[in-house]
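Common to both upcoming complexes is chain A, partnered first by chain B, then by chain C.
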Partner chain A sequence: MTARARQTSHDLKPWGFVAPALLWTLCFFVAPFLVMAAMSLWERVGTDLVASWSFVNYAKFFERGHYLEAMLNSLEVTVIVTVTSILLAYPFAWILAEKVPARWQRLALVLAILPFWTSYVVRSYSWLLVLANNGVINQVLLAMGIVDDPLSLANSRSATVIGFVHFFVMLLTLTIYANLVQLPPNYRKAAQDLGANGLQTFWHVILPLTLPGIMVGAFLTFVLCIGDYITPQILGGNQELLMPQVIMLQIGRRADFPTASALAILLMVVVTIAYLGFARWIRLERA
Partner chain B sequence: MKRFSGRSIASVLYALAIYGFIFLPVVVLVLFSFQDGRFPIPPFKGFSLRWYEAVLADRRLMEALTNSLVVAILSSAMSVLLGFLAAYGIARFMLPAKGLQRGLLTAPLTVSYLIIGMGLLITFNWLGIPKSLLAAGIGHVVINMPLCFAIIYSQMGDHQANIERAARDLGAREWQVMTLITAPMLWPALFASFFLSMTFSWDEFIISFLLTRFDVTLPVEIWNLLRSGLNPKTNAVGSLVFGISVVLLLVLELVVFRKAKRS
Partner chain C sequence: MTSSTSSRNRRRMLKTAAATCALVASTLGAQATEELNALVWCDHTDPELILPFEEKFDVRVNLKEYEGTGTAMAIVEQSQPGDWDVFVIDGVDVPRAIDADLLAPLPKDQLPTGDLFPALVMPENHSRDGEVYAISEKFGYNTISFNKSKVDPEDMKDMTVLWSDKYKGKIAVYDYYLPVMGMVAAGLGKTTADLTADDLPEIKETLFKIKDNAKLVGEVVSSQTAIATGEVDILVGGGEWVTAGLAADNPDLDWILPEQGAMRWSQSIGVFKDSEKKDLATEFVKYILSPDAQAKLATSSCYWAMPANAKAGEKMTDQQKTALRWDDQEAYIANSQLYPAPSAELDAQMQDAWTEFLQH
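On to the complex of A and B.
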């Protein structure tokens, strides 16, 4: 009897370590998600939320033009941002890894990350200072006589894209740099010994080997960009809405939790599809 | 190799252009926080600290700053504690379905903050729990604990397990092994995950925005300030936040990485 009791308590002990974290995740992550999924099948009638258990909110997404449009806008912006950021970040990461002396590389990286230690909200606001009608860029252009009237840069898709690219160039530089410095120099020597020129070495050897770094960064960019509310809200203005803005509108102004939940779940579906597309390059396991 | 080939010059120019792009907004932000005038845009009218005085005299901003610090410290401590216990349990004991448990614990990393915040908002709303800093803090533990768990778990190696076994053979109890042996050995990982959590919590906006009402955190209060348009006071708060974050970064760099290098 005592032996068995000890045996049981021995079996239970490890759970004592893991249980708090598991319970926290179940209570405050899994359960809320299930509540949200259930809520997406409810309906807002007048000011009341009714448990109608129907897919009417999902149907609305495909029927009402502006929801679908917001999703397409989000996808377009995200793809533009991801591609632009990769194209800008790759040469930069290359220069940091290949041209900068090894002992200065750490400093060069820290410098590149430094401006991102402002608050996220403040960072978008700073771009507003730069891009506004009477902001830095327009004042400089006007003073130099390059333009006669200020360009309207802020409150547009371009402003949103610039704000996003700013952050994700840094992020992608980190993932690509990490990949580049891991490459053994032998591969490049071998390619050169076999007669490849610089461009051929890059295209056939270096680029394929750095694809994991690009893809991990691209996936992070995709996920963070498509789910972000702050940058489009501050820089994009209200002319063209992205998904997170539409979701927040349902919550804030209309307290329409069912529609907001359905839209959020559709957004998650898109992210999941993206994840499956990127999955072969991404390892979340212990190294 | 030629030192000043065309390619090298192009590389230098390109790197400078990217650094310029990266630094442009933050330089403008800090520069015009010293603006001696009502608008944080050119021309620069002279150096003044009046906007910093205005920030320090703003009771709501100072309260929000305190709230942010309290939420960041408490939620990070909770995240590290839960993450450490879970990592210890999974790395050191026989448990069923470890892969599933690890998957569950790290799952929040793949979901956007907006959706995590919305789930909590809808659930708390349904249960009749009012919006509060506590609710926001709970959300911050949800986003930071997976990170702490992953960092600490990745640092739990087999050589440490041997030392723990030795301690147990010498008669140490489980809590003694954990607090006197494992935690000190893992201290760089614990410290790093705490500071990383701190900075994420400190900067987090959307969860706090959704889950707080009267007492808010600093990013939410800054968001409220944005309604007044371009304002040097916002520049001053932003510059202060930047300064604090850079100090945090330096502490992390000096304490953790120096330590890691030495050992």
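On to the complex of A and C.
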């Protein structure tokens, strides 16, 4: 083999490694995405799908208040879920990383992610029963005399948020925990040597260093939450609509794939904007 | 290890191996020679319904469940011609399937049309140019289900109570726009078959009032769970398909047709035009329409509803017939309308109105 051939072979080797993943992404992400983008420019006319190559489906989104309202609802719910999940997950991850003895941490993590092992749909229906008028929470509140009548918890935005937070706290706990255990203890000692108290150490040293973990988890939460159909459908009681529900409504009976595709693309635009916002903290290259 | 123990173990191993071989052989032997692919609603999936047909015709019936005609159409569009043999479809959507050239004519002389409840023959839906393309197999009502221990049954006889505030916060609405909008239209004195876009503002306004009183708008499982667990006391759009199956465990759950009437739904069965097993598929249609299968279909584990074949009554228990209000059917059919089957344009407008209702 000549030196040139050896060089060519050497240059191609990395492509050989990434080719399966690349091919997979091309076939199952890029190609379907292009089909969906093209479909969003078609139109449902009567019972037919017509290749009109127009932006009429996108125009619908801005013309019809209830579509825009669904997007705003989705953004509100997603922001509430993301912030609440971070606030709950951080102390949990901190306790796991700092307070639980090292030999118990693995078991504690397994216990923390145990709810991941049950079906998403089953978990959502379980929450519906827990939050119902005669569910566990209301029964306890009534028995303790805290309330006289059952609280209306199920079939509401609160129920949707609770269902989401239960799921995403686990996810965020993992990403923040992974970040916390990698922090060298010397940083904390150095801060203390320089006169920082516990709160100052956390605020000026620990928190900034764990921001990448928080942001990676927050971005994953944002993406998974804003695109989720099951949880709001089961727990929200259709008291309001989120974007995935509006998209599914287009398909259910009328099979209006062009409008559904346009709405899905608009949702992707929002996710892309969110990614750009989070990008500073979720760089994938090695330092 | 002694030689006798070793011998016993060897004999045990041989027996186990022989039993395994016998099991494998019997399994292979039991494998059907043919397969039939059916696109169905969930009530067709009980083994006790399908097994007798499979055994009689030595065929394996592959059942694919779907919800919503749009979904079914999408499945068919994405399939190869011949992939599907039998189609269970909403009765009002049969003309849509005929328009799409999906269905094959059925042999009229072999169908038990004369045994059906007369209102279920529906030639305007099932026939075209003298050919029959589908036949009704089951029907029921989208009306009012309620818990009679919490709600005055007399109140339920007048549909307008749903948009007064007497039961505010105690109402669930079934999340399917056609029957519920049809019900509201009937409550407003309209005929569902004559609905136009001009009727939508009044229907929408009434829907908004119902939404103000509603605790939730849910699909089948959510709305059924809500009334079964006491989360709500009334289900708008419910009917025997929600409460009949639960009546044995919770006798307080009941259903009624209000004086203004209700929506009658029906499901139909036909054979795909591109099926390569039309004869076998037709046998399946005939089997589903037989009194035995109709009784099983009517009381399926997924949901109960009336069998289209009146002769199925001979195969059902008194308790089953009472839960389905068998003896009231003549009056109920007379006081119900088929739910709306709008043109594609009106359908889009109705769906838009429903989206606004959900977002209200």
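Just so we're on the same page, the second predicted complex is superposed on the first by the 253 of 287 C-alpha atoms of A that agree within 3 Å, B and C clash if a C-alpha of one lies under 4 Å from a C-alpha of the other, contacts with A are read in each partner's own complex, and residues count from 1 in each chain.
Operating definition for what follows: contacts are C-beta pairs under 8 Å (C-beta built on N, C-alpha and C of every residue); 3 or more make two chains touch, one makes a residue touch a chain.
This structure is a prediction, so every number in the text was calculated from the model and none was measured.
S.K.: Please work out whether A:46 is in contact with chain B alone, chain C alone, both, or neither, and reply first, second, both or neither.
M.R.: second
S.K.: Please indicate which partner A:29 is in contact with in the superposed arrangement: first for chain B, second for chain C, both, or neither.
M.R.: In the superposition, A:29 contacts chain B only.
S.K.: Once the shared chain is lined up, is A:247 touching chain B (first), chain C (second), both, or neither of them?
M.R.: So A:247 only meets chain B here.
S.K.: Per the contact definition in the header, classify A:13: touching chain B only (first), chain C only (second), both, or neither.
M.R.: In the superposition, A:13 contacts chain B only.
S.K.: Using the touch definition from the top, say if A:211 reaches chain B (first), chain C (second), both or neither.
M.R.: The answer is neither, since A:211 touches no partner chain.
S.K.: According to the stated criteria, A:111 is in contact with first (chain B), second (chain C), both, or neither; which is it?
M.R.: A:111 contacts chain B only, not chain C.
S.K.: Who does A:128 touch here: chain B (first), chain C (second), both, or neither?
M.R.: both
S.K.: Under the stated touch criterion, name the partner, chain B or chain C, that contacts more residues in chain A.
M.R.: B
S.K.: Contact-wise, after the overlay, does A:234 reach chain B, chain C, both or neither (first, second, both, neither)?
M.R.: Touch status of A:234: both partners.
S.K.: Once the complexes are superposed, what residues of chain A are shared between the chain B interface and the chain C interface?
M.R.: 125, 128-129, 132, 134, 234, 251, 257
S.K.: So in the complex, the part of chain C that touches chain A is made up of which residues?
M.R.: 67-71, 73-74, 96, 99-100, 169, 175, 177-178, 215-219, 221-222, 225-226, 229-231, 343-345, 347-348, 351-352, 354-356, 358-359
S.K.: Give every residue of chain A touching chain B within the complex, in rising order.
M.R.: 13-18, 20-22, 24-26, 28-33, 35-36, 39, 88, 91-92, 95-96, 99, 110-112, 114-115, 117-123, 125-130, 132, 134-136, 139-140, 166, 169-170, 223-224, 226-230, 234, 244, 247-248, 251, 257, 260-261, 264, 267-268, 271, 275, 284, 286-287
S.K.: Write out the stretch or stretches of chain A touching chain C in their complex.
M.R.: Those in contact with chain C are residues 44-47, 64, 66-67, 69-70, 125, 128-129, 132-134, 152, 154-155, 233-234, 237-241, 245-246, 249, 251-257.
S.K.: Going by the contact rule at the top, pick out the chain B residues touching chain A in the complex.
M.R.: Chain B reaches chain A through residues 8, 11, 14-15, 18-19, 21-26, 28-29, 32, 39-43, 82-83, 85-86, 88-90, 92-95, 101, 104-116, 118-123, 125-126, 138-139, 141-142, 145, 149, 153-154, 174, 199, 202-203, 205-206, 210, 218-219, 222-223, 226, 230, 234-235, 237-238, 241-242, 245-246, 248-249, 253.
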